[in-house]
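To keep things simple, chains are lettered A, B, C and D as they appear, and every chain counts its residues starting from 1.
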């Protein structure tokens, strides 16, 4: 059994890691941190996990990292980089924050508004999009989990840019996301009364995940790519659905995606003309991708759906951790989605 | 046109008052207060009301009460009593807080945990259950709006206690309530992710509205009455449904309720054996009441449903204000419920 | 008082008409039809309207149209044209079905798959987009209510095409719609368990409202315009949000919309850079429009939100009926939205 | 690997069985039946399970039962008894319908309105409440899964009746249930637009699960016990919460429950004074039980929460099947709940 630690275990991504690890045959949790809730039983913070035998929440500096092989860091942005910098060298790290996603220091400053506190580490971090960086992740000490919206847009579009099948100047990502992506912090705008029975766009043309899109799409296309991106908040707890408008031949796009992901354990390309739904991936590590032709010749609509807490963050993190520890990457991740 | 003022206009009951007053032919809003949001346009705080021509939010001490006939006070408990005490004598007041609901100072201290800051005023306040205190309300300077859960339980049970048709020692009020009753304050427990897709009981055997039940039921029965009361939180924004288990002959109970409320404009007793639903009163000032027989002889189940923001607070407040200002009590309150 | 009749009153648009007419000072309902539910009390079909004094549901052929000035026809597509053809000449008609929306017989056949049974009437019908056909509606005998999705896309885009401010070849309408648009018929795909907690696209690149977009956009642009259009189904009962990607200068678009709709009673253009939410128009006849710049130069995102059952169908129908009967078009339609 | 078959696999309990079996290490699905959907790929009926390699849906008479050890029968009531009667003798059966729950033929006729078609089998069926009939289940050929509401009420109350700690004449079960319990059939009353944003009681004092309550409570108490029972429908997909009003000493009740269930793998008794929530057991086989004192001396409130599709039906069915096949009863059932 591999000993692992979760830092920042009192948020939704932390709880999702605990849920997934409860079904993992080769990892065990040796510590769970949550600064403000240190001293509390985990089951009092997340009653759905009260049946598990878990360590009491503690402060980070109370953790003994001896024998610990890997740390999941689910701390807030900016805090994460400072904490990770101070971790002992022998532990591997999967960071779920945004701190190590952008390789370019200037891009980091642009989107996150400040100097990076761990520039040297930033240089060594591997971007955690498993299907694209699998070999680098296997060898990495520090993996930076992708943004959940970013993953939803990258997975269906990267193969198309790489293959030169779509016009890189004409990509519009329209995205619907659930509320858990905003975290467990108490915010007026996330109250049930404010969010239910409606939908609205937010962070229009300015969402921070644009930094990830720019970085990865430009790399794949071999030229600067700048997408349009409009996220909307939906009254659903989990799930992201991307509807992506592109220029290209729909059937060729579908064929390329089907081929690219044929052997991937968690990416499922639907038959041509079908579109996915968030509720069909809820609670699972699967990503469903669909392609349909637009009514205008030479245009297509590409869809992808995943669970932001699983494939979009904690499931992806565990998939990467499995690779980093030499395990089968599917371990603990093959549960079916929960519907209805 | 009567000039009115709303204090504490940035919460849900304040917004509901503004919504109702927008359709009121004989009242106009001359000031809206919200201490922390003073200076903001009302439409920026509640975009659904942006089409209305409303005063900018201000601080209470900026309000000129000259020419103002009535104040709706939608401030938090405890704050309310201090503010109301300082209002000019010529204004009438409908208070939506809990501060003036309990006539007994000791009961107030027991349920709200402190000495009352306006004991003299408390003595003069009329309890705002329109159907029971109509004449007193007409003559009152200060009316204390009922608790929304309290109103839902009182309306169907008071007539039965008065008529001696049920056993006062055997009343169990099981209640389902929506999230808007908790207000617009940011609380972890009221996030969409925490509240949706589930239900749970809260404040079991200890909810503050028990003070109102005790006061009004005991008065009606002519003896001390102590009910059991379990509220549950539901994933719905508006609406309260009370399911009340009593001892008595179901058909007699139904007949008594039907007779009692035959001429009431907002209370609707369903045919015997039918039960109401919160979604059928949403957004309206109506209360639907139903009675069915239990399978055990001599027992009955009484149901009532109302919208906590309308008949349970702001609609009731307006109905009372109409009476206090000599208007038809239905003015501005006859809109039909919104379904679906 | 004008006597009106509602045919097909047992569906959601029928119930919405009854709700709105309950607050209308100059119309009264003289008959309500629903073939399969004929004989039922309306309050048994829609309990939220049980407090109203309404005619019992009847069959169409039981209705005496003498003295009736206007008929709202909320019957299913195809049925509507046959029924309307047979109505007495003295009644004016607002049809809420799709039967008379398309002026071109060939377009009708293309989108609705059959020959039209009332071609002569079809030629005389006026398209019910009030803000564009107000004078024709005032004089019409038969007005064809717009599709609810169509109205949501047309209102923000028509002025921009007319003014030549956007590229007519580059319009992408991404749309989120609630479940009530699918009607009250029992369909597996509309069950709560199937629809809640998720979102999915449907009728991709093939939705029938494309016929209306093509007709009206082409007319406005003076050339054939073919938009891309992807509707998504959301877990909300009411409301449509359109997110529309266009080429043009965002600030100029905003200025044109603000000017165009400055005097319209129900269209509200938000300050530049703000986006609307469906929950802020729920239950009302308002349409909120917003414009923001895209991050790519020369592109903009235009948003519009309305309630599909109100401004998208029954509210629009009443607004048009008011015009046809010489009344103030706002009568019975100025209620504020219901939030939360 | 044990070969199993699921009859009636196109409903929600069928899909839940498939979901659970996908994570079961010792069972494999050899056939899935669904008469009207025979010939369809399972992933087209339930897209959330499209990643699984499953047999195509077939008709029952196409199934070869050779080598099949156990059949899960998720057919509708009345159909089930006829199909099970005809199954080969060598297969064991877990029936999820109501057909074999009531041991008394007269009770069956009373609640289900007709003669039983397999009276001999009915006599041999074991009631599937695992915690009470574990040894009988282990030896049974036919196990009748409990009603989901019944299980929720029985688990917390049976130990209290057996121990004589509560008054058997004074039990009121107030219950909140999600929509999936009504199945996947298209019914107007289960549409999202009808069910969301509200709650209502149904089958008041007449729900069929009363037959199970009467049977099991009377057996436990050693006298005829007749409870009051009011189920309510909630806008949630999964989950049942029972709030049960009893006469007894709350702390003694809590102690008895804690002791009774101390070693049960799926029953979790919360600390005294805490109440469970449906969202904390969603998607899992756990049942959470809580006890609080009422404000009236000698009365208590007992709560239980479980997922109707898991512990309330398909999870329970699998737990029983594990026992019948000599496996560890927890196999395939220890996944943590899904929250949020």
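Rule of thumb we're sticking to: a residue touches a chain if its C-beta (ideal position, glycine included) is under 8 Å from a C-beta of that chain, and two chains touch if they have at least 3 such contacts.
Here the structure is a predicted model, which means the values were calculated and not measured.
Steps from chain B to chain D, taking the shortest chain of touch contacts, total 1. Among the pairs C-D and A-D, the greater number of C-beta contacts is found at A-D. Using mean Cα coordinates as chain centres, the one most removed from chain C is D.
In this assembly, the C-alpha centroid of chain A lies 39 Å from the C-alpha centroid of chain C.
The mean-CA centres of chain A and chain D are about 36 angstrom from one another, to the nearest whole unit. With centres defined as mean CA coordinates, chain D is found 45 Å away from chain C. For chain A, residues that reach two or more other chains under the stated contact definition are 12, 180, 193-194, 196-197, 235, 237-238, 276-277, 279-280, 282, 340.
The part of chain D that touches chain C in the complex is made up of residues 12, 179-180, 184-188, 190-197, 235, 237. Those residues of chain B that touch chain D in the shared complex are 172, 174, 176, 193-194, 196-202, 204-206, 210, 226, 228-230, 232, 234-239, 241, 243, 245, 275-280, 282, 292-296, 299, 301, 303, 305, 340. Residues of chain C that touch chain B in their complex: 12, 15, 18-19, 22-23, 46-52, 180, 196-197, 237-238, 268, 270, 276-277, 279-284, 286, 288, 334-340.
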